Amino acid sequence: MRVGVVGASGYVGGEMLRLLVTHPKVEITQVTSRQYVGEYLHRVQPALKGFTEMTFSELDYDRMTDKCDLVFTAVPHGTATEIVKALYDRGLKVIDLSADYRLHNKDAYGKWYGWEHPHPEYLEKSVFGVPELHREKIRDAKLVSCPGCMAVTSILAIAPLIKNNIIDTEHIVVDSKIGSSGAGAGSVAGTHHAMRSGVIRPYKPAKHRHTGEIEQELSEIAGKPIKVSMSPHAVDIVRGILCTNHTFLNREVTEIELWKMYREMYKDERFIRLIRDKKGLYKFPDPKFVVGSNFCDIGFDIDEDNHRLVALSASDNLMKGAAGSAIQNMNVMSGFDEMDGLRYSPLTPV
Amino acid sequence: MRVGVVGASGYVGGEMLRLLVTHPKVEITQVTSRQYVGEYLHRVQPALKGFTEMTFSELDYDRMTDKCDLVFTAVPHGTATEIVKALYDRGLKVIDLSADYRLHNKDAYGKWYGWEHPHPEYLEKSVFGVPELHREKIRDAKLVSCPGCMAVTSILAIAPLIKNNIIDTEHIVVDSKIGSSGAGAGSVAGTHHAMRSGVIRPYKPAKHRHTGEIEQELSEIAGKPIKVSMSPHAVDIVRGILCTNHTFLNREVTEIELWKMYREMYKDERFIRLIRDKKGLYKFPDPKFVVGSNFCDIGFDIDEDNHRLVALSASDNLMKGAAGSAIQNMNVMSGFDEMDGLRYSPLTPV
Amino acid sequence: MRVGVVGASGYVGGEMLRLLVTHPKVEITQVTSRQYVGEYLHRVQPALKGFTEMTFSELDYDRMTDKCDLVFTAVPHGTATEIVKALYDRGLKVIDLSADYRLHNKDAYGKWYGWEHPHPEYLEKSVFGVPELHREKIRDAKLVSCPGCMAVTSILAIAPLIKNNIIDTEHIVVDSKIGSSGAGAGSVAGTHHAMRSGVIRPYKPAKHRHTGEIEQELSEIAGKPIKVSMSPHAVDIVRGILCTNHTFLNREVTEIELWKMYREMYKDERFIRLIRDKKGLYKFPDPKFVVGSNFCDIGFDIDEDNHRLVALSASDNLMKGAAGSAIQNMNVMSGFDEMDGLRYSPLTPV
Amino acid sequence: MRVGVVGASGYVGGEMLRLLVTHPKVEITQVTSRQYVGEYLHRVQPALKGFTEMTFSELDYDRMTDKCDLVFTAVPHGTATEIVKALYDRGLKVIDLSADYRLHNKDAYGKWYGWEHPHPEYLEKSVFGVPELHREKIRDAKLVSCPGCMAVTSILAIAPLIKNNIIDTEHIVVDSKIGSSGAGAGSVAGTHHAMRSGVIRPYKPAKHRHTGEIEQELSEIAGKPIKVSMSPHAVDIVRGILCTNHTFLNREVTEIELWKMYREMYKDERFIRLIRDKKGLYKFPDPKFVVGSNFCDIGFDIDEDNHRLVALSASDNLMKGAAGSAIQNMNVMSGFDEMDGLRYSPLTPV
């Protein structure tokens, strides 16, 4: 299959290329970047050195339509609205890695992004790209929107709790921690190594945009509107997310029951690992042991004193949180084995 | 004033010495360590190189009584029970940095530590060493127990909310993040640099011991028992704590009202900085900008959608979270200026 | 092919397993560890979670002989001498990752390791496992000894300079920098995250053992004894090595001539990338852009003022520096494609 | 004494302010920044929060002359040439932290900086600000130029070897490693946390500008021109420098003789610590144990096989490598105790 990548100079675009160059079923035919037209990919994405001698092109819709069967768009939020529409309208399958087509509801979009979506009718065409929740729809989709990295990590941990109706849906607190590659490659005072190292920096403790996606997906499962209280924090790693999802039980639930709920929902999922051990180095989910892979690791702990259930989930924000999910979605859309191009064990220790 | 330090080979003991060697009002007369008797302090605590040629002694109660007016005990939890009692019984002023005398109630102690306290009658003699809450009692105390590092950081952020009775006390979620020096100097598989780097590692997501201290102090302020839901996480820094204290408002509160509550409680406190800015590099509390100082930085954000108030607090776990608090307590007990030996600006960037 | 791993609880053993579980041509049949007999591999090596349900066995030579065609030994230096001999004597192919069979000369062994080798006659049977230098010998070898991580990284950069006889062999200064996984998983005061973070720690600035290997290999190329001045440093990363090989030219050499020398020697090598760019993010070799792959990246700079040639080389110490080389050697010995199981692009950024 | 700081928005300027706000003998009267006129200092330099309510001013020479006795200039290289001259011409004492007045020889300046110095006659007026070498001249100086951070760290380690004429001056290899704050606060692709973390990045392996300063100072001691081969590397820490100074002995020298040479030269120096231990955590100089202090730690190892002497030196690049040296120079120029405002023990562990 011939694939293109629009906007491949950032960290997500780089990860897309890194995965695509070794994917057994695809050929990369077009890679665009406004800033680096004519430049070798590996000048901007050093990991590719030795894997390809391709250069960046300008985005030309005709050429894209001619040369590609499927296109990944990895451009900034806001920029994707037009590009995705144009590619879609030309009959290309599109997998979008921006936030522009994640929310199905234009009012929700307006609320979380602060402007009106220019093509609200396309919001409904887009499938939220989490195969664990929407595999059948993704199979037939023309437009798949990959989820936010923190959003998908939270959603996968909380979904079984909502599905089994065991938590108080008024007090869901999602405390997220994420590495520096999650913020994108933009260089500002706060992303400088000297200022970004050593931080545990809260950003948007209230009203972070990913909240909208989590609420959309959990509400769909619940069949009623659900509010989520999310607070992300930047920590001193490059890759990785941990979501600590604090929930309160609405009835007593044993550990064994919880295992059953998680197993039932995810027993056939090859990118979800349930983590809980009393011994050894890996007792609860931790991005340390996920980095470089497409896994989302999920575990939990029960705080009987407070009827609290802490659901924990860890992922690599550039893999399951972005490019890995995109490949997984492509595999589903294309009838490939879902693990094709994603058979990576975590790189440990790193 | 002549001071001694019992158990000075760990990170907290090292920080005590680091602060004491430049404190203008004290002379260090005895430093003990079971493991390193006869060894130069700077062999074990390299920061001291050039500041002292002292060596470690064995703990000898008679010599301690003879040579010291006040003693800091920085030995492991469990070990301190006897040592503190012995020193106290000989009439020495004691500032304990272990957890052994933090809880006043022996049942609470039994619950959180899993064994019976051998000298429960001393629990009541001990003052919880947070001058911002108990300055008058500390002034006259013979035994002060320094708070847990994550506990004090949380307590200072939540106390004004409890005092002003504006939060739902059934759903207080404390999500803490802490550096590797907080775990002590014990070397095990999980503290090895290769395994500890890059982690966002949940440990004890339910039932962490510091919960007991937070509940004790907040309950005292509230005048009723309060439950706290605490979950700590190890992150990839050496020093520093961020507590994200998620609370739910029981009435509408404006930002300005909140500022007033915090200002009222802490306006004369020299080690508390209120942080909230719309511009610049420092918008919310972050240990990055506290490290090396005795500050506890406090700020907040309001999530109107969910009636949630996120109170944020940051400290250096070895300073305000341990040795800095100990010095501050000593200053109060001894009638020194509370900032003596603690006039450190944060070391930024580091 | 059926392979076994002896001593798989450390970082090198873990990396061996990580690579073997996804290698297309091998089946892991035996994994031993003295400390963890009966334990699941993934309890000790969390990256393996989901990839295997194997457990650790005791080392039983009969079972090993029965179940394996080739065995990797990843036990501590000194311990390998007997194990390797025993396996070899039973007719198994052995790839040793310790230092015990790297030096061919027993006097050199005695000098660098401080004790007499118990089986010096096996030193000659062992092939130094660098396919770029000894591919033909490795093809037929029964015993291959993988090189030291810093040694191989240096050797590959300096070899073409020696081969072309362009440097003063009296003043070869190798300044190496390496991450914490290179020191092994032993937990001591100096490997604790709090003590190991932030270091640029010289260790063995003179007489580091890897010097012996570098001298052996370069001397063989030169056809005369060569002395090397090596100084390693521990830096604050987990994986990765940079060797800054400072040499002095014995005649004028242009950049283009140097390129030719490197290209000539390595043009068909798939794990060597020549790095030198005036633009972009990757101008000189840096382990940042090698981590997770089996590449050794090589580049250089010329200091005309001082007739100095700085040859730079970067590798991942657990990959090309250990387990990656071991797999590469196995591929050569077994007639597999040399890239089998090693088609990893660097994980960037991480 | 009334002091001003010109250009205080960068890392060096921030460190100047951090030290000045607690210096017992000075009052800060003017702080300028082109970019942040009118802004609170602590918006740009968060460490200052709670220490000052000053704002940034525009640079106005009349006001500067009126309000200050001494001015620190911490502006970029090239920009300082005019500013320093203007302040000097108005009779102010100036301590410059740029590179513009470090070299006394205009040809050397042209060689290393690539342009002609506009005011070469001022190069001779400037004293190279290393009190350990030029204390008497600094006492009477009107213009002191603080040394480059890597330069001073190297010079202090090598000076005694040159003075005692024990090394081959044709083969001095200085391999430096430095943290991210050394590169300044400019935000570009390569300083982004995600790209700068995990690096061991060579930059300017040949012809780095600090070479010029090292050669100037060592040549002055030697009484003959000396060439130095310097190669710096960026490593993944924020603060700190290690210089590994590889030298070759021109005669046999014992360890004891070397100690004597170092002691003789530095015995009264309060910011130089000689480090060499067979036991304990601190065997050789390491910035880990210097960070936050004004120390330059020096040690060595002898490689008899190769007649090599490895002289090691560590400093905090923002302290002894910049602002700490500036304060030390001010103290000397002003007749203060040389340790005033610099009585900081290293912050360990951090």
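We just call them A, B, C and D in the order they show up, numbering each chain from 1.
One rule holds for everything that comes next: a contact is a pair of C-beta atoms (placed from the backbone, for glycine too) under 8 Å apart; a residue touches a chain by one contact, two chains touch by 3 or more.
Everything quoted here is computed from the prediction, not taken from an experiment.
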| item | value |
| --- | --- |
| Any chain that touches chain D and chain A | B, C |
| Between B-C and B-D, the pair joined by more C-beta contacts | B-D |
| Centre distance in Å when chain B and chain D are each reduced to the mean of their C-alpha atoms | 36 |
| Approximate Å spacing (C-alpha centroids) for the pair chain B, chain C | 45 |
| Sequence positions of chain A contacting 2 or more other chains | 11, 181, 189, 194-195, 197-198, 238, 281, 291, 349-350 |
| Residues of chain B defined as touching chain D within the complex | 11, 14, 18, 21-22, 39-40, 42-51, 181, 238-239, 273, 275, 277, 279-282, 289, 291-292, 295, 343-350 |
| Residues of chain D touching chain C in the complex | 171, 173, 175, 177, 189-190, 194-195, 197-203, 205-207, 227-229, 231, 233, 235-237, 240-242, 244, 246, 248, 281, 283-288, 291, 300-306, 308, 310, 312, 314, 349-350 |
| List of chain B residues in touch with chain C within their complex | 11, 179-181, 185-189, 191-198, 237-238 |
